[in-house]
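In what follows, structures are represented as structure tokens.
What follows is a pair of complexes built around chain A, which joins chain B in one and chain C in the other.
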Partner chain A sequence: MLRAFAQAFRTPDLRRKLLFTMGIIVIFRIGSFLPTPGVNYANVQTCVSASADNDVLGLINLFSGGALLQLSVFALGIMPYITASIIVQLLRVVIPHFEALHKEGQAGTAKLTQYTRYLTIFLAILQATTIITTARTGVLFGGCGEAGGTIPVISDDSAVTILLAILTMTAGTGLVMWLAELITERGVGNGMSLLIFISIAASFPAALWTVANAQGGFMTFLLVVLLALLLIAVVVFVEQSQRRIPVQYAKRMVGRRVYGGTSTYIPIKINMAGVIPVIFASSILMLPTLLAQFGDQNAGWVQWILRHFATPASPFYLITFALLILFFAFFYTSITFNPDEVADNMKRYGGFVPGIRAGRPTAEYLRYVINRVTSAGSIYLVLVALIPTLAFVLLGISNIPFGGTSLLIIVGVGLETVKQIDSQLQQRHYEGILK
Partner chain B sequence: MDALRIGLQVILVLTSIVLVLTILMHKGKGGGMSDMFGGGLSSSMSSSGVAERNLNRITIGTAVLWGTAIVLLGLIEKFAV
Partner chain C sequence: MSESSTAEANRPGKSSKEQQPGLFARIALFVRQVVAELRKVVTPTRSELVNYTIVVLVFVLLVMAFVFVLDFGIGKLVMWVFGTPSA
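The block that comes next holds the complex of A and B.
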């Protein structure tokens, strides 16, 4: 395995791609620490340490690798791009024009991507404005750092400064989007997911360190690390497993040549939707708490939301989370894999599943198999997403260092990237990193 | 010092707008959500035309200028007060 790594660096083509990717990652990390003009860096640090255990911003902050609470130029990170992709993807169900574009193939997809990019900038303006204004009024840091107070986060409270900060953050988000695209285009792996991966991985050691220091001491720390390793092993195992539906292609003559006659299979992964249901569910669950931030803190509904949704350990939160994941797992699988389309394509090229007639019966068979496989997959997703939270509650650790979401993302992206490096390696050698 | 700061702020505003516009002018290669987590192997064609290459140069130049302006503004903020 180590030899494969060495080989990856000895191949000039691959070495260039790897170095390029690393360079982009370095730029991304530097930008995550560069404070936005107008923001007082020292005061931000004071406020961050004062409100470290704010659960609401925990997840957003996790996705941005700690950049959000630093109010850096890349504070929004890759999140607007992800949100925009999700929205465009979901709008395909609602707007017929989008579905038509998607079916058009390469050109249509390019147009959809372009829509996603415009939407990203729009969302970036919106979110940057929200963050800057909440930081100015002190809501962002839980009542710390308001303008005109003793330690103002925004040093000079004029309209020009605030507009400048918003503009800079928007441009920063655009730059992150471009960096992600550059990685996809010239580096290894998918840029967008790789940048989330980097952000989450960057905050991992610090989170583990707080566990070791603050609560329980060394034994708890060891237990947490063991749990994480075990979960990673399980996730790798399940992500790699798939159900293979055999497909036989009929032989046919076109002119003097014979086509087909091969037998292949349709691979159906147990967890076809990947980590997306978990991301959807957690971003939706974030909404009520965000709403509550703007309400009157003593009102009944605000109190109710804070009691049930602000802490991941409350049973109400856990059940809603589980139900949302189950729903989105099925929903997303049905969006990405259309049995009718697959059956139609198979029929057109003379393929059939042995024992089942081509056309509609095949589509129904595929739908039956997918529903059953997804049932298992969605339950697995719920378990992986909830086990860390439950375990931390049982261990009595109050602030949760990492959730199942981050583990799933890390393993999923890691596997995908290694697979891509592997396939590039195999163009020259036969042995890759994965056996 | 004030003149320098205002000058840098103007540069920052201009480069921010240009940066967003040039980035939006690129052809998106993101691929969207479908191949974000565990999609198929997407064959990436890195061949880009002359227009795209020039656009890349402009974007990189603007980004460097943008970053420098931010760093300088940060330094002024830190040492001027």
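The block that comes next holds the complex of A and C.
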């Protein structure tokens, strides 16, 4: 099995893709460290260590791989792009023009991608402005690093510098977006999810280190690791399970040859939407906290948001999170798998589900199965996403090292990427990583 | 999804109450259907599960190690270029 990893590097085609992806990752990480112009790096470091246990921005910081609090060029990371693509996909339901574009095929999809990019830049400007402003007033670091204070985060507090910083962060986001698309096109795996995976993976060792050091000692650490292993196994188990709908293809005579007559199945995964609902749900839940940064810190609604949304352990947060995951699981499944289309295709090629007539009844049957399977799948997503948080609360670990969200993303994206590498290995008749 | 739509259709005082079973009966039916579908699910075998889990674990650890080393190097470099705290 491990030999197969090496084999992946020995296949010229795959090696190029892997090295390309790694190169992009290197660029991504460099940008996550490089400070934005105008930012005083040394003072930022002082402020970060001073406000280390401020978990208001913890999750956002986690998704940017620690880049956010560094005020680096890639401070916003991949999140604006993800948020933008959620919004565009949601708008497909609302705006008929978008749905028409989607149905148009490749040209329409390209247009939608274009809209997503514009929206990303817009969101990036918004978020960059938020971050720079809050850093300038000292809110970002919990009162540390005010402009004009003893250790200003932004040394030169002029309009030009601030504009430059905002511009740089926005441009950085644009670059990250491009990097993600490059990975999808020419590397391995899905760029968007791979970059978020990298960001989380970057802060994981530090998170584990905190658990090992700070609280509860060795036993707690062991418990946390065991829990993580168990969850990984559960995620793998569910992701690999599928409901197979048998499909029989009719025999056709074309000339003197017989075609078809085979029986296959439509694999329907329990959780068809993958990790997308979790990513969507958590990025939407970040919005209130981000919004609160704009407001007066003593205002009632800001306090309310900070109390309920800033800490992953608050019941209100957990319930909203669960509901959002449920919604997005169904929503995304309905976007990615269209029963009518599948039924239509089957009819065209002479396929049918045994016992069910082709055409509309088949589509209805598919819908019936998907709704029931997804019901189970979405509940599984909610459970896996919430169990670690609940477990940490029960164990009495106050600052949560990793949520179910990050674990789900890591395992989900890892599994997806490994499978993609594996299938490319098998194309070349190697035995593959996953025997 | 269909749960919520059935819940809406079953407001108290509707005339169609005789034809359709109650809300709870339908929820129970739905749950039974979900379980029935789950019974038809093909699950990975034990060896498959173990294999996949280990592969994913190794992959994730490899990536983490790669990023960790990378971060360490870049961090040192940036520190060197842009100065250390309280310098």
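Here is the rule we use: the second predicted complex is superposed on the first by the 404 of 435 C-alpha atoms of A that agree within 3 Å, B and C clash if a C-alpha of one lies under 4 Å from a C-alpha of the other, contacts with A are read in each partner's own complex, and residues count from 1 in each chain.
The rule we apply is simple: contacts are C-beta pairs under 8 Å (C-beta built on N, C-alpha and C of every residue); 3 or more make two chains touch, one makes a residue touch a chain.
Quick caveat, the model's predicted, so the values are computed rather than measured.
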Chain B versus chain C as contact partner of A:R252, first or second or both or neither: neither
Touching partner for A:K103 - first (chain B), second (chain C), both, neither: neither
Touching partner for A:V418 - first (chain B), second (chain C), both, neither: second
First (chain B), second (chain C), both or neither touched by A:E181: first
Which of chain B and chain C A:S375 touches, first, second, both or neither: second
Partner chain in contact with A:P205 - chain B first, chain C second, else both or neither: second
Contacts of A:V26 with chain B and chain C, given as first, second, both or neither: second
First (chain B), second (chain C), both or neither touched by A:P35: both
On chain A, the residue positions that both chain B and chain C contact, one per complex: 34-35, 41, 415
Parts of chain A lying in touch with chain B, wherever the complex brings them together: 31, 34-38, 40-41, 73, 81-82, 85-86, 88-89, 109-110, 112-114, 116-118, 121, 155, 160, 164, 167-168, 170-171, 174-175, 177-178, 180-181, 184-186, 190-193, 239, 269, 274-276, 336, 409, 412-413, 415-416, 419-420, 423
Chain A-touching residues of chain B, taken from the complex the two chains share: 9, 12-13, 15-17, 19-20, 23-24, 26-39, 41-42, 44, 46, 59, 63, 66-67, 70-71, 73-74, 77-78
Chain A residues touching chain C - in the complex, by the definition given at the top: 1-2, 5, 22, 25-26, 29-30, 33-35, 41-43, 45-46, 49, 197-198, 201-202, 204-205, 229, 232-233, 236-237, 240-244, 270, 330, 368-369, 371-373, 375-376, 410-411, 414-415, 417-418, 433-435
Parts of chain C lying in touch with chain A, wherever the complex brings them together: 1-3, 30, 33-34, 36-38, 40-44, 48-49, 51-60, 62-64, 66-68, 70-71, 74-75, 77-78, 82-87
